[in-house]
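One chain, subunit A, links the two complexes that follow: it is found with subunit B in the first and with subunit C in the second.
Showing the complex of A and B:
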């Protein structure tokens, strides 16, 4: 069975599950852009709002955090990079490294904003079926000339479907290598080649099988159009997201 | 006299590298038959099945499905002859069971309302409706095979061909898939199963074709052929080896 990651879709019937995916795209884009100039108060407010939606959608916040530990480590690096490079009132200085008050505040803020963007992404992907993402992308691309939106949509859908298969195959290849003591190999290039080559071979074979399976089910670009089922709460969320964006920009 | 759905005359196929995959095969597949296509690895079973679905085209000879030459009526052929592949993981294109089963009808440009109706009906028939929102990659092996069968059944084929349907399945998984195949056959579906392990299906099958080196070597009622199976590299069923009466695997 495939592993569940923080970004895996989780079926449900919360309001966020039922919201039109096109609007979710709009809200995410708007709020994330508005986050750039946001201050401490509004980001704090937005954080509590996200916690509310975590609860509403049945996602477990702390279990998500434990799944995101590598991302949190990255945020620590972002924080440290800012804290060490921004000059201001010195808090601590040793071995030529100076940490300033402004650096700590700025680093904390940037890391916190990245964290909020990540939480927003988790809520989006946990409440949005990949097929809805595909249909929304198809809808957004429709007015763009010279872009075969239906083909792009199927490509997105296949990439999303194939990701767990490729990850599983990568793990199988890696385990098979470990079983033959490949972990004793110190050269990182040889180590990588040992995994990448069989994985690529497996991936191409799987892609070949997928093409045959799609062909056998009469695949064509000219397919039944996607369907959107608005929940009726879109208007409220639309104006709400604009209000949140204004708050983020002003405070 | 049963009606012939597929009529094959002097079918030969040569791969690009010159290897002869199929060698002068002539036979008919009649409505309501349950055929085992047996043979060891490399005997040409999969190559043969792929011709029935129009995934491969004959180098020489003809295949007619309901009297129509397949090369000229590809879509009709693929609607009439559905193919379930060996590895369900590499044929899943939907991110939920419902979307996966709906993939074929969407390719046929069936209306969204009708797609909902027929997909729901097929999922209920195969007892999969409770899984409709699950990601196919998170299902058990037996459930994945059943979803793959549903994805074919929804296109209302007259013949379903299975390529090694029991490979990589545990005993309960085999029973689950076998029960589904038997239900389909009892409902009047024509079934063809390519396998090198005939034990689970020999009791149920009405005909067995044995292939070797791309040619049909035997074509008879299964029980007439069991004693000769091992000369073609196919394991003889236990009941025959120990002089017992054949028994169904179905409980």
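Showing the complex of A and C:
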């Protein structure tokens, strides 16, 4: 669980690694909005484009999928929920449940779009350093009144550092509980507490150590603003993303 | 608030941002469908951190999800998610965390008051999520309730009871 997660940054020197993070934010937002009205042809085209970027960035598509099994199961639920609730030409009906052609088509389309959004997010986090995410968020929030952009940026940076630590600790707690036959526990509340309480105690201990380290280094929000290092390919990606998003909306 | 307390709250809030984000990954197998811990961490953030820092945690969680990191349920992300069927639940977390924390604080941070606060908080999430689901998917209200609320009520009740116990045990450890 902790080895590969969708939040893990993988170092590399592909074009996506070098692209300005602010532009990546813009592209992701644009594509996600354009995905809403997208049809079968354009989503298929976008899927193959994502496969190309998976290859370019050195990510292994199928090993990533096997690590995302739980999310794929959720997509199956999304598909089934749509297939069972949308009415139309009946494909089969039994035990009071009716599945229609339209339900199957729409369920498949929605699940596929969610899958594409998930893949886009994975490519983004695999190719973007947590420090760059922090820097870009700080840049975007600067003009927003009443929002302490430096504090928010620090919180994002800390949260991104905590995520793999918590996942590793969750696995350790889960293994320790299994070794003590806790998985045979029938009471759901005790089962939940048995995992969550030790996990929270461990993570708060890590947080306390971090607070001590930050205090001992006289940490404050008043730090030098970070710099951006654009790769020079931003213009091409900017116009390319607009073209892709027009295709998604039209086809 | 001293700078030391402020730093502590910043780190703890960031910890809850991370917990809420990966809550979708930590599943506990209970019966045929495992329960995920995301909304439990939202409720815990509210009763442990209080109204303002709890609200900050959820707001930052939404910001990183909107920014593109795959932290929303199902590994999804992006601004498009807010316009989708589950956008109302995500936005509902904001009033939920503020009101839950305020009620818990107002009633004296006891286990019983935490349970009442979290029940109300969960209802706020559904009050925002179900009508949104109805509008986006053009379902009838009954169908939206049947799909977007009823199947989760038992799991929510279990999570609230577990969260109340966890908060009681955790407060002396966290020392806020």
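Just so we're on the same page, the second predicted complex is superposed on the first by the 247 of 251 C-alpha atoms of A that agree within 3 Å, B and C clash if a C-alpha of one lies under 4 Å from a C-alpha of the other, contacts with A are read in each partner's own complex, and residues count from 1 in each chain.
By definition in this document, a contact is a pair of C-beta atoms (placed from the backbone, for glycine too) under 8 Å apart; a residue touches a chain by one contact, two chains touch by 3 or more.
These figures come from a predicted structure and were not determined experimentally.
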Considering only touches as defined above, state whether A:201 meets subunit B (first), subunit C (second), both or neither. second
Per the contact definition in the header, classify A:210: touching subunit B only (first), subunit C only (second), both, or neither. both
Going by the contact rule set out at the top, does A:223 touch subunit B (first), subunit C (second), both, or neither? first
Once chain A of both complexes is superposed, is A:90 in touch with subunit B (first), subunit C (second), both, or neither? neither
Return the chain, subunit B or subunit C, that is in touch with more residues of subunit A. C
Look at A:158 in the shared chain and tell me whether it touches subunit B only, subunit C only, both, or neither; answer first, second, both or neither. both
Taking the superposition on A as described, I'd like to know which of subunit B and subunit C A:11 touches: first, second, both or neither. first
First (subunit B), second (subunit C), both or neither touched by A:231: neither
So, A:36: does it touch subunit B (first), subunit C (second), both, or neither? second
Touching subunit B in one complex and subunit C in the other: list those residues of subunit A. 1, 158, 160, 210, 214-215, 219-220
In the complex, go through subunit A and note every residue touching subunit B. 1-2, 4, 8-9, 11, 129-131, 157-158, 160-161, 164-165, 168, 206, 209-210, 212-220, 222-225, 227
Subunit C to subunit A touching residues, read off their complex: 3-4, 7-8, 10-15, 17-19, 21-22, 24-31, 35, 37, 40, 44, 56, 60-61, 63-64, 66-71, 73-81, 83-84, 139, 143, 147, 158-159, 161-162, 165-166, 169-170, 173-174
Please give the residue numbers of subunit A that touch subunit C in the complex, ascending. 1, 5-7, 24-25, 28-29, 31-33, 35-36, 68, 70-71, 74-75, 78, 81, 85, 114, 117-118, 120-122, 124-125, 133, 136-137, 151-152, 154-156, 158-160, 162-163, 166-167, 170, 183, 188-189, 191-193, 195-197, 199-201, 203-204, 207, 210-211, 214-215, 219-220
Touching subunit A in the complex, subunit B uses residues 50, 53-55, 75, 78-79, 82-83, 85, 87, 89-96, 99, 103-112, 115, 133-135, 137-140, 151-152, 155
